[in-house]
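There's a structure below that I have some questions on.
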């Protein structure tokens, strides 16, 4: 069982961004994708989630043998796919609590109601472990949140929705070290044989706290190098130019 | 035209003057405008565009046309480099050294050499905010004013300045600014009285046309004496990526009405519409605006501020309309009134009509007073109460100029407003 | 009378949409079509009204006939009302009889999904004449009567309590206020008359809902509520269920009087079928330190024109309008507020939120007046519009007049949309597009929905969900 991406090509407004990307994340593993700006990392995240602006022109994605790309955005989510957004949007008027309740309710079989008491209990305890102030339950989703608060909120949603595969798109960017640790702890606590992660990052820093099983390097819409966790350190040391040079040599 | 004309006849009954030097097409167009003027109804209190207006104070029927008289300004200083008209008579036409291809000429010259521009703007634009009748009256009578034409790619470094001096009777000033692609120009227009007491009427029109990526900065200052009246009907037309910034400064006149329409015709175009008014005594300043967004990705920002003393009265009626298909429009409209006397009045009607998607629009209107704590603070620093009030009100008005980037306009508008506030020290 | 003449199959149907359907009706008393002096005599005779009411009605008829349609500022759609094709009086004695089988399935489903109690559905669909809560009404009436509260219909009010009724009747809203207040004054029937004696605080809201009969849901109801010194009352009318009307014109007049230190809150939730012209005049007078609040939710109708007002007549009075409007395809919600400050230190507050869905159109009109030589008057107005689809329309036309330098007014309005990125974000968390839209829209009006009693706010939320369903995809 895995999230398997095969020869994925995708474009926006006629510009091809993903140019034949292949990658497989088996359940129970944490993979990291690193790469320079503009390599297509965030595009990959949005294509997996089903953003309308991107057209997939070739290739496919199987999530536990289901055709992910054939599903609507919300179907993918309910099937177990989660994206922690790089830039979470603000949703005025919709409180965090109501939003999460609605998202959980959407996962219930028709006719069944979410137990409100259990829900609040669970949300409160998860908020506590993520160091999120309880007053955030009544505040509108992401509205007026600092960068760090938005990212923690993404992790809170992830822990509540308990996905099978989660993609974290630059969740570390803009975080101070304390917030980074909180985010990492949230992910590590969810690490399990039944769950796969793809962590998209520009920097090695996050990978000090979330130790990946596999590291991929992405450039120009493709995976150009794959290795163990030591690859991240090597990248940090030598910079992305090193990968580029190596490519040219190869 | 074999018509005997009596000079002191009302502008409502007097046939437009046959100007000997005017080309035939213009004489005919004036007659056609006169015919339309006669058929259009007078504004009434039930007409929405005239809601809250003191129509009884207009009294335009009794006004006769001004007698062009160069003598009235003999011996007075004329501002260097400015076009100066006195009761429609061009008393100074400056010899400007302008960039290549730039035209700045009197309406009389424009009628001979740029007929197509006058046809397209002076005679074809409409006044949708209530004064179409007066726009036609203007077209029938306009003889003084300036055409500014800037060819593509040219930036006119120095502002072009036009001054209209109004004596007894009605004048019909016209300003047309045509900026071709990616050009830039600043135009400053002043409407002033010849003296302290002559009862004049300035029925003026301005049309600002900015072609693709052109930039126009425009200032119009009305500082008539307390016996005079003013109507200004203005149109801004902005094509693709064009940017027009206008500022109307209303300081004088017993009764004045401004109607200003911005048509955002091209994608990416912007119109900033600013206005400040300082009114005292029984002055009434009635302003109506229309920000019409025809195209996508267009922006407009309107800020009107009024300081009202004594029994002064302000009326603001504004409308933002975002047409179907004009998506991603940002349009803002704010009218603020500072009431400085128990008898001052402010009427605000900020309106929105939104028919498109992904639009950011807001409007706001406030009416308020000077907080006593502000006065106290200034007095505690040794400033007299009168001066404190003056300073705060002045600051309230000058604050409007924050967005002005054109230095010539900023300097002139600031000086005019400061001079007006000297009346309150 | 033969069967034919007693059968009414009226109303040109504009569209065959939800709620636009008609039934044959049978009425015992019927003033026939059109409006004349004899219509009024007929109404007065049937109702057994005193002469002063007859004179009042006839004077109003004259005013109605003279007044032009207010199309110089309002929509031209008003011209489509054909006053000769309207029946101005259908008595209480007989109710339209329909069978439950005649009610379309989608309507039944709407009731189901809104969670309208079983026993109320039949009434709302026009199947039963009398809603089975007459007993509940009697209980409420008896309970408040112990406190000296009068709670009767307007006919009973003017007959049995003339000494309280008459001094205020037509005083808050003069007959000549507008064409439709004149029409109502000529042909009114139904509505409530309530009087709360000094110092009495009515603990529970009085509800027109629990005393439904044809008069209260009539076309031309007339309500007068007087809350005496230091007394308090909350009154509620309507419900979220679609009201399946066969009559195309509804024109009510509601007058509120809050004496010194009184508090009066009037809550309306209405959901008209989209063939109805709903042209309502509502105004309250607040005396010294008194408070009048209008809480208003308008859904449906072809055209609703309603601008609840408060005249703050004495120092310290407060007025408030809180309103939600939802306009869907073929609907125009033209609503707003009127605040007249007629004394020192009076405060008014307007919060209006509108949602335009599909080709719906929402208009806000506001009037704030602070005349000369007063001090300490404050008005805050906030109106926000949400556009759901690219053909949705919204307009805002406030007019604020302030005289003098001892006041503060503030008006703010905004227009916004639910962005595609917001929908995408919520969909990524597993909500369908419609659910995401509903959540956003409910969020937009959430702070106002809280002003409604619990059972209404739950129904409102469901109703918004329903209205949003067709708007996406």
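In order of appearance the chains are A, B and C, and numbering begins at 1 in each one.
Quick note on the criterion: a contact is a pair of C-beta atoms (placed from the backbone, for glycine too) under 8 Å apart; a residue touches a chain by one contact, two chains touch by 3 or more.
Not measured: the values here are computed from a predicted model.
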Top chain pair, ranked by how many C-beta pairs fall in contact: B-C
Chain nearest the overall Cα centroid: C
Centroid distance [mean C-alpha coordinates] between subunit C and subunit A, Å: 50
Distance between the centres, which are taken as Cα means, of subunit C and subunit B, whole angstrom: 44
Separation of subunit A from subunit B, taking each centre as the mean of its C-alpha atoms, in whole Å: 57
Shared-contact residues (touching 2 or more other chains) in subunit C: 416, 419
Subunit C - residues contacting subunit B, complex: 72-73, 372-373, 385, 387, 389-391, 393-417, 419
List of subunit C residues in touch with subunit A within their complex: 416, 419-422, 424-433, 435-436, 439-440, 442-447
Subunit A - residues contacting subunit C, complex: 49-52, 72-74, 76-78, 82-83, 85, 88-95, 98-99, 102-103, 106-107, 140, 157, 161
Subunit C contact footprint on subunit B (complex, rising order): 46-48, 51-52, 324, 327, 337, 339-370
